[in-house]
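Shared between the two complexes below is chain A, which pairs with chain B and chain C, respectively.
Up next is the complex of A and B:
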């Protein structure tokens, strides 16, 4: 990305209120905006700066702060740079706007985030289940969902202890290493 | 249901019917399904149905140490696992500020391009089988096996090599290995004219693939299409050249393109890419003996490794398109969040749904295989 484009992008981004721009490397720009300003930012990036490719939308669950972070990664085929726009929304009720009318690939990512985190995107074309079709539990990628606890509660463990394994253990051989002999188990900090 | 109780249900007359295409169907790549609505043989509507291969990698990765995830990531895409390892390793390196030694970068490029060759041969085989040309399938799988032999020798694993770790690569190359790489490349190159005659120039294939699943460049850009599928619409974009990583900016290679944007063009782009990958590996084989030094940067005790807090987005060009990892660390021993953006999450869902409409049912397989859609990447 040449210097001219860099300055031009900075000027353009300055048009959005409350924006924080951080240049992470020559091709990566991190932008933090208030959630309300994101559609305007993306419209500006797409319409006037050539960021026409939505590479991904990532969701991060910051449970301690009671917030979801949504990250929109957009790429420009002209200036060969990637802008990551970060916003934060409240965990409850977990509703945000769809950007499908700007970027069609958003449909898949929004559907995926809805399924995994339970965030509803208003205006997204399809919010039906895709991967977890037969799942009726809570959204599994949320931090409060403990997959091991869920398994212990809803499924029973199979007791796999065949005779040949018992014989092996009785002989003191096989693949089982006693805890005191395990290489890293006794390391203390 | 006893026959005497059976009464035919009266339905309003209609020429339309629904069909579940997959999840077990020779015309579907992997475990994946399409629900199609048909009028005769013509597809009126297609709806992708995934989830048959969901293994919850993103959740699992949050519960494992940074180093343990190395064994997990290659499983996300079975035919082309090496870019997965690399993309994750690059993210951890960026978070830790690790400087990877030059020799490791060159070895990584060799691994990536060999993996691309293997993945393309596999795709050609599968694609040819959808047109009934099983010889090409046997050839493709057999020639891919020669590349897997190389992988077995220098990484220890045939398919999932688990060779890249944050900081570099795990093992030094065995002695005489580069010679064997050269021999395998020479052999694969000598086979390409045979592939051309048997498959790429074969009228059975050309007539089936031309004008099937056509998309324009505008459509491809709007739908988020990347990789060889985008290049088949005439746009010469490649992450390796335009957002370079490792040492790709020091290598010479062309970016093949085609104009027509149909199944034929997409397959042909891959055919040309195979040649470019061979060219890249040859450059590595030539340069590697003169590049000395360590193969990995020193890393802390991997079992008590707290990666500094931060976030990063890494991108590589896999054989299917743009592969990205978004990795967040909160300074702990495990990743706080890993998001995998596989190229097929576009190709196998929205693009396939759109391109199938209006085509005949027998062309769905052509469209899907020419898009090189990889369902494990979608399900994750």
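Up next is the complex of A and C:
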């Protein structure tokens, strides 16, 4: 039965213009669509193929290509399969449509993405702060946000002082790992 | 004969020969009955249930968890403190009655640990509150936690664990670091300066530029509204 549904799904997806369907496995499909075709795709998937569960919206910042990638993961309880719909939107102004009217849980995902990446979703019920309620800096997950520069400016830093550990080592405890072995990037090849 | 005023006044000394013995006894008793505040940040808290329960059994040392900060002696910081959490940790710390002790568990409290590059976590805990003892490791096993607690008990008994006095003596320094991180209008409901006077610990470092800044921004605290039942007041028309 699940095979039938899979074939039927492929036929259904072919109805949308500019779509690229890549079947990753029997239960996982990757779909790339133009940004303006996504609401139609989700409506088809939800209304005619039983993909009623929006499990996540993820966001990727492709700073070199000046684009954001949004990935909508929808799950079907009938065919036990996941469709990931990928779209690309321009980084500036970073505005997209909300899918709240199709999937209500989208409100939380969109609020989270708005907070972390600064993308504005038109029609989303609430674009207030979600987790970073006491944060007034730029959206921290954007690639141009330099986390290391931020902490150097705002927070002080102390080394894991080896002298401080000597006491422990004298007692037979503690492990001192030199920095070139702690960080993978500094390891000798 | 000179008047009575000419007789030099010798400052009252503790004449009780047993005072030192009593002090020692008090410190001994204090170190044998410690309550840990049940406030866990970060991931190191996962090592506390085994340390508390039957395998390692913290209670044989006289250490127990306690639910309210007013009755607790030890504040355990078990792992990274995000900046949001740090505000709550400081509020909690100030609510605890003196003498109080702070233990930083895990490497995150020393320098941020694996979150060294994160914008959201504070790196050095001892900038914001005085820390008595660090238990390093990521994360320390219950044996290490127990060993650390025993060390704290020894320090309390010998009178070395006096970092809570440091918070009153150098309040300006700690407040300055807090203001740098949380903004200039940062204030807590506890009046630390009055407490410092109460404990007779007011010193040069207690007052300074940062406490002056606090006075400028300080808003008077309002009493919480008390209501009985679930009735809601109707808005005035």
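List of remarks:
The working rule: the second predicted complex is superposed on the first by the 153 of 189 C-alpha atoms of A that agree within 3 Å, B and C clash if a C-alpha of one lies under 4 Å from a C-alpha of the other, contacts with A are read in each partner's own complex, and residues count from 1 in each chain.
FYI, a contact is a pair of C-beta atoms (placed from the backbone, for glycine too) under 8 Å apart; a residue touches a chain by one contact, two chains touch by 3 or more.
The model shown is predicted, which means the values in this text are computed figures rather than measured ones.
Contacts of A:54 after superposition on the shared chain: chain B is touched, whereas chain C is not.
Looking at the shared chain after the overlay, A:130 reaches chain B, while chain C stays out of its contact range. Legend: residue contacts after superposition of the two complexes on their common chain; A:11 is shown touching neither chain B nor chain C. In the superposition on chain A, contact is made by A:154 with chain C only, not with chain B. For chain A, the partner that touches more of its residues is B, with chain B and chain C as the two candidates.
Once chain A of one complex is fitted onto chain A of the other, the partner contacts of A:140 extend to both chain B and chain C.
In the superposition on chain A, contact is made by A:80 with chain B only, not with chain C. In the superposition on chain A, the residues of chain A contacting both chain B and chain C are 132-133, 140, 147.
By the touch rule above, chain B contacts chain A in their complex via residues 48-51, 54, 56, 58-59, 63, 221-224, 226, 235, 237, 242-243, 303-304, 311, 313, 315, 322, 324, 326, 328, 336-337, 339, 341, 345-346, 349-350, 378-379. Of all residues in chain A, only 27-28, 52-56, 58-61, 71, 73, 77, 80, 82, 84, 103-105, 107-109, 112, 116, 130-133, 140-141, 147, 184, 187, 189 touch chain B in the complex they form. The touching residues of chain A, counted against chain C in their complex, run 132-135, 137, 140, 145, 147-148, 150-151, 154-160, 165, 168, 174.
The part of chain C that touches chain A in the complex is made up of residues 83-84, 87, 107, 110-112, 116-120, 122-124, 127, 136, 180-181.
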